[in-house]
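Two complexes follow with subunit A in common, the first pairing it with subunit B and the second with subunit C.
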Partner chain A sequence: MTYDASAREERGAVAESASDRTFWGRLSSWAPYQWLATFATASPRRQFLILAVFPILWVLTQHLGPMLQMLRVSLTDAYPVAPGVEQHFTFDNYLSFFGDSIFWMPFFRTLIFAGVFTFCTLIITYPVAYFLARHVSPKNRMLLLLLLLIPFWVGEIVRTYAIMILLGNTGAVNMVLRFFGLIDRPIPFMYTSFSMGVGIVYLTALYMLLPLYSSLEKLPKSMNEAAADLGAGAWTRFRRITLPMTLEGISSGCTLVFLISTGFYATPVLLGGPSTTVFAETIAGFFHVAGDQWPTGAAFAVIMFLAALAITAAFQRLMTALRKGDTK
Partner chain B sequence: MTRHNRILLSCVYWAFVAYVFVPLILMVLMGFKDSNFIGFPIRSWTLDWYTGVFADTETLAAFGYSVAIAVLSTVFSVIVGTWIAVLLEGRKFWGRAAIFGMTVLPALIPGIISAIAFRIYARYLGIEPGMGAIVWSHAVHNVPFVVLVVMARLSTLPKSQIEAARDLGADPLIAFLRITFPYLVPAIMGASIFCLLLSFDDFVRSFFLGGYEPTLPVLIFAKLKSGMSPEINAIATVALVLTAVIGVWAERFTRRMNKDS
Partner chain C sequence: MTKLILNRRKFLNTAAMTGAALASPAYLRRAHAQGGEVNIWTYNDFVPEAFKEQFESETGIKVNVRLVDDQGKQFNLLAAEAPNPSVDIMTVAGHRFLQFIDSDLLAPLDTDRLSNWGNINPTFSESDWSTINGEKWGAPILSGMEVLAYNTDYVSPEEAETWDTLFSEKYSGQTAYIIQDMMSIIMLKMGYDGNMVAYMDDPEKAAAIVEEAKNFLIEHKPLVRKYYDGGAEFQQMMVNQDILLGHSWNGPAAALINDGFPLGMAIPKEGSYGFVYTYNIAKNCPNPDNAYTFLNAILASPEIGAAMTKASGFISTYKDASNHLTDLEKKSTSFPDEQLANLQFFRAEANEMKYGLVDPAVEAIKAA
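Right, the complex of A and B next:
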């Protein structure tokens, strides 16, 4: 190891004390540095504080701060505050959500869409992950997984556009169907919940695939073999062993995909139509028009976030309960 | 029975590969179409759309703008993320779980909500919409990924090496710079490239925090809203090739680095 050599070199430096040829030796014998080092390491407590102050301030002000500020703005009647106008505390922004179906319809639509798309992603990627983890030799596994990763490096907008080309009226799917004489006129896939679903599953599949793959990979083959020896059929083995043992991967994959799919903005705008307006578009509307709508937009974003969190929390509880029930 | 399963499953796998690749391949092909109209079949081919991309100052400017934002935000994310990871890994202190929770928070917030929260907070901090605001939002959003990658690497660092360095007279900072940091380099490289790509591909934050100058995804979005054209295919293809090549290279690079040490 190279570390040993350099460490020995350093011991030499310490033995010769002050003068040394290496950069590190010179640095540690430089007076201002020595003063700083003694100051910083005077006690373990001080050393810890110097290490900890910046990260703690960062996460409080930069990670938590924006969310708290959004919450605060959502409880006011005017933001940004115009000169000469007084800001008041109010719940009106939250109440207006329930007042109009133009607001809560997209909200429930988003949650239902996200749930359905998450389920579709799970159904589509589970066999793929299963195949990779159980039927491919470890040598080829990485190669086949890497192959799937390539498209996922490509951005959200570019992949959404690719789906537009695939599903358009003059798109590839319609062309193939027409070529085989299955249809006379193009099927209008675009601007429906179907095209949106294809797009969102396309964008989120990897976030489902990777957790599933890692939980399937951990599953020992011997369990399935033992079950087979005891006379369990393929379906029973899957239902009684594989599925319960991979609930953890299913749970984290679904949580991730659900949270991500509630947050899409560009994809529903480009692939969806008037009948598929999602809540992200409603929220965005408050920020593109006059500034005094910001509090309402903030309130809606808070509602959306809390709902998404509540659903994922409930889902995870359910999964934990299922897991406990199975290992009993 | 297992044989059948195996064949069936491999069909599912290749169908999935087709699902993720075919749309992109079609998009690339459409950029070669010698017509203004997007749609199949493609009867005549041209390179004009691609040469057009490299002559179009608007696209090139957006491209440069995106790259600059990606590089700057990655520098911030990596420094802050590594610092947080060093604090959190292998240390027990009061409030550690809370700090970890707050650290990963930006990665869990759905896109639109995160963009709105950053928009409001930028206003609160007095940052004007534009490059500074975008860099800041990307930097904050990408920190959790750096922290997780660096923490994973840090947990495999043999403690004895640090102890040896300390015994030989290195102070904690020198021990960090000479032992811990070189050990973390593969993780930091991997995390940097991940951050670069996340930032380069990001739409929603750039859209809500941007000024008049568009980043590349925002430019493509704006063009798409006014109609599809092979020109967009050419622009998107250039972005696609760049991100995919960097992504694959990074994947191989980190794998090799991890194997070596």
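Right, the complex of A and C next:
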């Protein structure tokens, strides 16, 4: 008993001296902190609120906040407001889109480009994801994934310039083709929908690859083996088992890539040509060319945002219906 | 190879700018060590690095440079910060003065506080566009112009004498231009006033002219390789031989010539437009005294003007600045008199009407 008490005192003294030495130790022994910690963790509901408050604040201030501000600007007749100018509420900025057909072409062109590039990205990345998930040994998968991730360590602009270096008249592709005598004059890849497509597919490939890889990796091998035992060929196994079972990954990847593709600005500006003007360029024009019409630009941004969301929602419904159809 | 040339040029420029700054310390030595800071919004290379370092060490005033690449963005930034901006000095193109003045964003320049004001060539400091409402609004530092730039290995100087070459089948898919700037040039090429000042009382005629220019550019759209936005893009396309000729500002083109690239430039016979960059003081700026100290210092000697020309490629507005340029630099920043006779300056009086018509036209051309 005497021994236990002295040992406890000793441990207490050690803990006390440690808490005297470190900031965290002093903080944890500070009475207001102890009260706050006890109050905050008194019930699971309070613990949940404490944990949720920071993510909610983040989403509100960093995601929803700017979008709501953009919505507000789109409903005004002047922004930034010059001294002495009164700001008024108006729908005119939205009407200017629907009232002038010159804006429809880049709008629909953007949606069509985004759809086509999303499909191309899916077609290109699916075999890569399939190979990674089904044919590479688990110990090598992380290494290969890491290699695929390396280009994404640098920013969008740098990677876009890499495409320019590849596809320019004096770029690597034309140089190789000329070296092998396949062409006499350089092929003008740059500033076309082709170069823009290559850039966007390259920039968005990872957003497609990871969801596909995730869904393919979860697919049990036994299902394909059972189908093979029952006489199903490779194509039938893919069409009847692999593809339906990875619809969720396809859906996630396509949604991500489509939404990102509708908002690309720098890549179309740098890689696109006279006939590939996308809606983001039209919107940017309202913010910085001579007109300086922020409210109109904001309204156009809101229109594109809503259109992209509507298309994505329709696509999700289609995929959900397909998944349900396959499980019946 | 190009990279090596650029590096060498950067090195030579740095050496030249260091020399320029060292050659002009007299004013700075007289300056009081007043301290504080001065905040400047300007284009890349418009404040020579060696000058900045010496100014900071001599005056104790820290120079904070924020790079801008577009007049519209700069206007929006300043308008958003008004009436208490964070900037002291910004760089406004002369033909954008009115927009800034009308929005009450600039302070009139008190030239009596600038003992070096007389170092500016009067062609620029005393011209009609620089005086508005009886006040000076900026110190002209560099001038530029819209030129036809061409790869001399493929395009002859005779071909570059007319804007028609830019729209010829011969160079189909090998041309580029800034579409907004080209609208003004096409109007001029068609015999109209590209500034639209002549049609301020006749909006219908102005609209018809813009429509005609728009239709011309739409008709010739299949021939153009790229509508671009900035000088660096133009340089990139030229170096990669994605284009052989194009409309350009003279600054980026001159920089390529100084790098040794086979480039020529001309002011075609149909005419073109010039513009002047000025340092302006923001209304209610936080450090007005430091702003005037900086302005007076940067106007102190032609060597500083020459250093700005070497770095940016634009033409200095300082008296005798060309005496401090190499022969190649002089060649890249000068034009024959007969070509200069075709040049006129952008004007701002009709900007509201002009861009109200031109902006939708530009969108229509892009969408076509």
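Some points to look at:
The rule is simple: the second predicted complex is superposed on the first by the 260 of 328 C-alpha atoms of A that agree within 3 Å, B and C clash if a C-alpha of one lies under 4 Å from a C-alpha of the other, contacts with A are read in each partner's own complex, and residues count from 1 in each chain.
Everything that follows uses one rule, which is that a contact is a pair of C-beta atoms (placed from the backbone, for glycine too) under 8 Å apart; a residue touches a chain by one contact, two chains touch by 3 or more.
Since the model is a prediction, treat every value here as computed from it, not as a measurement.
Contact with neither subunit B nor subunit C is seen for A:318 once the two complexes are overlaid on the shared chain. Using the contact criterion defined above for the overlaid structures, shared-chain residue A:306 touches neither subunit B nor subunit C, since it reaches no partner.
In the overlay built on the shared chain, the residue A:274 is in contact with subunit C alone; subunit B does not reach it. Judged by the touch definition given at the top, the superposed model places A:123 against neither subunit B nor subunit C. By the touch criterion stated above, A:106 is placed in contact with subunit C alone, subunit B being left untouched. Looking at the shared chain after the overlay, A:285 reaches subunit C, while subunit B stays out of its contact range.
Within the superposed three-chain model, A:294 lies in touch with subunit B and with subunit C [touch as defined at top]. A simple residue count on subunit A separates subunit B from subunit C, and the partner touching more is B. With both structures placed on the common chain, the touch criterion links A:82 to subunit C but leaves subunit B unconnected. By the document's definition of touching, neither partner reaches A:183: not subunit B, not subunit C. Touched by subunit B in one complex and by subunit C in the other are residues 80, 164, 168-171, 269-270, 287, 294 of subunit A. Taken together, the subunit C residues at the contact with subunit A in this complex read 70, 72-73, 75-76, 79-80, 82-83, 103-104, 173, 180, 221, 224-227, 229, 233, 236, 240-242, 351, 355-356, 358-360, 362-364, 366-368. Note for the complex: subunit A touches subunit B at residues 3, 6-7, 10-11, 14, 24, 27-28, 37, 40-41, 47-48, 51-52, 54-56, 58-60, 62-67, 69-70, 73, 79-80, 124-125, 127-128, 130-132, 135, 142, 144, 146-159, 161-166, 168-172, 175, 202, 205, 234, 259-260, 262-266, 269-270, 280, 283-284, 287, 294, 297-298, 301, 304-305, 308. Of all residues in subunit B, those touching subunit A in their complex are 1, 5-6, 9-10, 12-13, 16-17, 19-24, 26-27, 30, 37-41, 80, 83-84, 86-88, 93, 99, 102-103, 105-106, 108-121, 123-124, 140, 143, 161, 164-165, 168-174, 177-179, 197, 200-204, 207-208, 217, 220-221, 224-225, 228, 232-233, 236, 239-240, 243-244, 246-248, 251, 255. Across the complex, subunit C is touched by residues 80-84, 100, 102-106, 164, 168-171, 186, 188, 190-191, 269-270, 273-275, 277, 281-282, 285, 287-292, 294 of subunit A.
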